[in-house]
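Take a look at the structures listed below.
Shared between the two complexes below is chain A, which has chain B as its partner in the first and chain C in the second.
Coming up: the complex of A and B.
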């Protein structure tokens, strides 16, 4: 028999008079009596989703993490990413898992295929060419010896409503009761930044006899924009387009929102239904109020006032990455990492590229406060997986320590490879999304402080005109046919001089005409 | 001057016409070299555009259905108990021999053990027969041996007719006629050596209290005996789950009861289906058994049949899917369904499981030895027929799509299937049902693997227009001069030979 628990909580924090951050956290725990077996191989579940357990068991996964994010986290205004960035991914989908016994990637591919069905996401695009095995960035919750770790990210994958609905199916109360009843998909996907994560991991020690599954859904809600939509199905034009002179009340509806506090209604346009009785906690809603956190029960949710506060400037590390294109062939990437704190930080910089982006490691330079330094001495550890054409992409994990109040630039050149015609992604002229780089920050005691994602970059790859193959075929065929004709004639025909024949001929009509004309002119 | 010119042109024409010998042969060699190059290029071209198409035993594959019809023979054996001197046995044998062979079944009456079943004759005023474990008991008024023999044979055929009909109906998939739309034939789940049985407790959204069920004990007590009996037929993996906050069924009030109309039942199934997970295994079909606890607001809820009457078991069977049972259960009183509460439910789903597995005519919830044998035969017949059908279809497919690659593995699977089928027939002729089942299962799964091999999906496909579009600009300008020069050369040669002959013809004296 297995023991199952369920908890849920909602955390709300305002960033400014306009933006509020909301985070729905759901946690299902399960543990078996028998210490040797795994929860996933049990057959009777009441709270823990059976589908997840089956997949975990089938593919022999000991730990699974999924991140899906859309939008860009505004480090400037929203400051530090929530929960130190541990539950928010970069653009698109990220999946990483610890597989018990899978050196050949067989189960990993099976896992991603099944997850793609489970979450209605195109995770089946994960194959050996975009799977990486990071060594430094993702130590598991508990170290499983002889476990293989796989990581894949799909930056081009959109996070959408169809991904959210299967997520609610995994929850015991669905969205019929509890905090999940507040969430409206339309509003959620209209926010500036939203993300959801699924983590399945052993909760106590290395054994799978007790596991936890956490689902976290986060968003940064633009209260003004949200208000425009209230009670209406269509969008109003944003206030930027409304000038004082044409204050047409029908055309320019601006939403009124209090600049003193936000309410739950401002954020969700909904009143929560009764609390989910399967959850073991009673105070479900947490609101950040300055330095302290107020707790409320869900019944009081309608009356909660979320005080507006300015976010304090407490960055651990900031990071910015940019791509410069040097024509269609060459490019270079530079990431700027800044440590504002007064203590040195250990940084693991995890960068991955599709195989058609060739990274030249010899061009790697690191600039510290504007002066170039010797990379060899500076880098503490470096894992580098070179690309193999069509098989595996480049992976680079650099560990170094960044001194306090220092600006550091990592720079290297890349070469873009033309692809085979059928390998181009759909809409190739849009460019290709480079997955975000992941920066893990550790302090002196080697505890992970936070994990940051850079923005995904859009890279143009040399794209041919797609009617080209036929043009080339026709062109080469014509050239071959022409040369063939010439050579063939030269080899098999005999050429005989014919001047004598000409002289004997009657002048042709044209010649006679010419003669006549010239004659007349002369005459 | 005029005459000079004329003679000159004449000279040119003549010299053109009569190339000198070495020049002519050089020209021919040059021409020949073109043909040689083209001929040499053909194998290269063949090699680069070729796809693997391993040979399949087409004849055996296409004959597989007819082989099944002739070779699929079940021969249950009987012995008449207390038959002194075996007179009656001989009499019965005679009657059976005279009888025309009915599809797939050869009943045999033997004088000695071992046999599958024993016939027990009991004296009684009324005629009736029934099974008691492996004993076929016939109550009959006393009669003479020849009369009795006919009576025994009649009783046997009567007892076996449902299964003979079942096997017979399975053969109809080969015939081109439309399958008879008998509900029973459609009810049985697709055959598989392994099933996943998913028991789900679905709790209506009006229930906010956490309900639980003591399912593990209940399975232990009421379900495992049947599962163990079925183990020789198929492996059944049981899984259970609870889903809360499920959309309730449409209900209306009738005589102080809530009822769901027959027409609304499909909606109910649709609602429920999204909470039921499917097996990650492709070759493990899921049989769903849903226990539905309606919201307290609409309790007691009853399902209606087509005639708007309440279904007494409050349960409905979905062909090839499973069943849904409604249980009216007051949540405010207790929050746990004890194993005793589930006893009736397990009786219902045991019956449903047997129905889904193919026992159509007897509503039972446990399995007797004869029923187990019957299921076994049915499974053997089904997998043999299915495998043969798959082979035939595969042969048709490979024939009809000439541009499809056929990798070596498929050849291997096909051969394996044919071999397993042969072994299954052999085991059947030795009346070894278990062995026959394992061979026929193997044949079935191998044939499926052959037909659903991933390589069979990705066929090499070039539309004809594209082929011409690519080849025409290259081949037309090259082949036309080559062809014309070839014709010219042949003509030239013929003319030369003629001239030669004319020159060599001895003038008549």
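Coming up: the complex of A and C.
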């Protein structure tokens, strides 16, 4: 027999009058009586999606994580990442899994191909050239000792409604009941930042008899823009916000949208349907109110007033990354990590590049508060996977301790490699998306505090003139045709001496007439 | 007798005997080629190559409902312009920081200092970014507003419009790129330090605060100069020529001209000539516009913010308009045009690369692409090469070729050394000293040269001129064309025919450097001796083409013309000897 549980919760937090953060969390648990078999091999699920179980079983996966994120988190105004960044990605899709060790990646590629169909995403573009095996960034707390971790990211993969619809199919009540009935695809994708994640992991160590699956859908809603869409079929122009009662121009310009509180109707334009009866909890809605969290049932959702609060500045670590495009050949990459707290932090800096970006490890420099330090002494661990042309990209994992109140800059040089003509993406003149770097922060007890991602970067790969092969073929064919025609004409033409030609010519009528007249005159 | 034999026996000797006239024909063809370019059969019509732009296809909503914001922005800008210059910029930046922080945008005030010998400048830029909803911070558009233009007039309406537009843009969710707003306090030093810090360049002359706000690749941009002047003008002046003669992609100009002229009915001013939407253009006006465009591209003076961006592969234009009273200026009409432009650039999937990067804009509807005007300079370069060949084949006996080549090489070296000696001064006496020094070097060389040496030195000189003109024409066609015109007397110096005419050509070549600099100062409205200006622009703006061309192509002619002159002057003694023999 299979024991299954289902929980769902909705968390709402208002950052300002304009922005609100919403998070839908769904959790499905499944366990089997037999402690030595895998629950994925069962087939009589009531709540757990059978498609996920089949994929996990066929590909021998013990732990699976998927992140799909679009937008950039505003650390200045929205402060800390939700859940310390554990359930949000950087850009596009990220997939990592713990599975049986397989040098040929057969099961890993099978997994990504099946997930591609399940989620309507182009995860089938994952191959050995963009698959990495990080050693330090993701210590799997539930992983089996003989398992291997694979990681892949597709930053150019977009996130839109076709990815959200199959996500709802994995839920027991889908969108007909429960908190998921509040989600509308058009409103969800008109937010400033949105992300969804899927996590499948065992509940206990070293055992797949009991597993959990978590789905989290998050968004930051622009309440003002959202309000203009309510009940409208066209986009309404922005409103003007100007308080000019005191005739102060600065006061007018500093005015903006302001309100005392938000409501669920402001965020979702609808009243939720009845509760999902399969859920085991009654209080589904959580609202952040200062330091405490208020709980409501779904029936009371229409009357909730979400207070607007200014958040405190309690960053664990802030990160930034920039790319210097010096030209068509060389570039350099700088990542800035700042530790504002008063205790040291252990940082694992995980960087990955496609194969045509050549990273030169000897150019790696680390600067602390503007002072360049000895790199060898500072780095505690370094995993470096060099690139192999068209087979594997570069992976770099650096572990170091950043002192308190310190600004640290990691800098190294990269070289751009021209590609073959058929290897360029269709929008080659836009550039190539470099995936964000992942910074994992640990405290003194080796507990992971947060997982941060830097901004994605756009690297311009030098592009040829894509019509050049056509031009070369045309010009070469023209030259060959003209040359061959001329030489063939010269070689085959028959040349006749002019004298011989003259002798063979018959006298013209005019000449004969002249001779006749002249002869007559002479006679 | 076959065709090849006929060519070998008859055509080539004919050409060799008439090289001078062939050279003259090519020169006349090359010079007059420019006059057939503005003909109706030659010019191309401006069209948008990048289909994603769709200029003018969006509805604009920047209307009177935002009148209070616009009025407050104008009041604030007017207040800032009346403050003292020392505190005005700081007060403006503090107020701007409050305005944009209240909107939730990241802001930064960036201090910089320019330190080159003879010039020091301390300034600051203000940078803010409107982030695209769901944007990934990899692409951005740039809106530049210099607080003053190069004359020192305040850009009140430009700053006010930028504030109002950014508040208006924030309400839309359709942006696929971030919009960076940069306000410079100087139209050329500000962009230089901004670009140096944005792309992490290292230069010993600019020190700046590190830039915290970045939004990836800047795909395109606009620079607004709605300066407050004495007179009013409803004409939009589009400035598009950058340093070293670089040009933005033609599609950016197509988008601007279509939106502003056809949809919002602004007349355009190009190279000082006004064009209206419904007016045609005659051959004469197109020829004037072409010639003025060539002159301004040859000079490549840096006076506006847009001039520094194409070398970083950012397509940028400056939109300049004279506003008598910012409060009576139609801000909504201009703002809607800017809104339409940004909506078109927002559609870009890649940076602009489809249309032309080498063109001349003749009027609001027509342009000339590189395939039409490039033959003229190549024909002129060919005539120079023929001139070199003419001098070369006049020597049938074996002589030492290294001796004239050393003279030529040493002349180039002396010219470059002399140029660097005087390039840090702005005084006319330095230029006179330079002229006299090079003349003296020429006289010294003449005493060691025979007429054969002088002729071969001239041959080498013409060869190098031909090659350099061909190379420079691919970078800046106008500059190479102007230089080729100035060097036309050089190639007609002859050691066989009319001696007096050759002496006249040598004198003309001698003064061509002076003519060149006088023309530059007239176009620039700048100093007669622009060496220091070139040195400054080279160090700050990487504007290297003009001083290099002057140093290698124009300045050595002082030496070569002097050596040719004295060799020709000493010719009677040779003839006397011949008669005696």
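Operating definition for what follows: the second predicted complex is superposed on the first by the 447 of 523 C-alpha atoms of A that agree within 3 Å, B and C clash if a C-alpha of one lies under 4 Å from a C-alpha of the other, contacts with A are read in each partner's own complex, and residues count from 1 in each chain.
One rule holds in what follows: a contact is a pair of C-beta atoms (placed from the backbone, for glycine too) under 8 Å apart; a residue touches a chain by one contact, two chains touch by 3 or more.
None of these values were measured; they are calculated from a predicted model.
In the superposed model, A:72 makes contact with chain C only, not with chain B. Contact with chain C, but none with chain B, is seen for A:322 once the two complexes are overlaid on the shared chain.
Of the two partner chains placed by the overlay, only chain C lies in contact with A:332; chain B stays clear of it.
Touch criterion met: A:50 reaches chain B, while chain C stays clear of it. Contacts of A:373 after superposition: neither chain B nor chain C is touched. In the superposed model, A:302 makes contact with neither chain B nor chain C. Of the two partner chains placed by superposition, A:513 touches none, neither chain B nor chain C. In the superposition on the C-alpha atoms of chain A, no part of chain A is touched by chain B in one complex and by chain C in the other.
Against chain C, in their complex, chain A makes its touches with residues 16, 18-19, 70-72, 74, 76-77, 91, 155, 189-194, 222, 224-225, 228, 235, 237-240, 242, 244, 249-250, 252-256, 320, 322, 324-326, 332, 334, 427-431, 433, 455-458, 460. Against chain B, in their complex, chain A makes its touches with residues 1, 43-47, 49-51, 54-55, 58, 114, 169, 172-174, 176-177, 274, 277-278, 470, 473-474, 476-478, 480-482, 484-485, 488-489, 491-492, 494, 496, 498, 500-501, 503-504. Note for the complex: chain B touches chain A at residues 5-6, 8-9, 12, 15-16, 19, 23, 27, 30-31, 34, 198, 201, 205, 208-210, 212, 215-216, 237-242, 244-245, 274-275, 277, 279-281, 469-470, 473-474, 476-478, 481-482, 485. Against chain A, in their complex, chain C makes its touches with residues 61, 63, 65-66, 68-69, 71-73, 75-76, 79, 95, 98-99, 102-104, 106, 131, 133-139, 163, 167-168, 170-174, 199-201, 212, 214, 216-217, 313, 349-351, 353.
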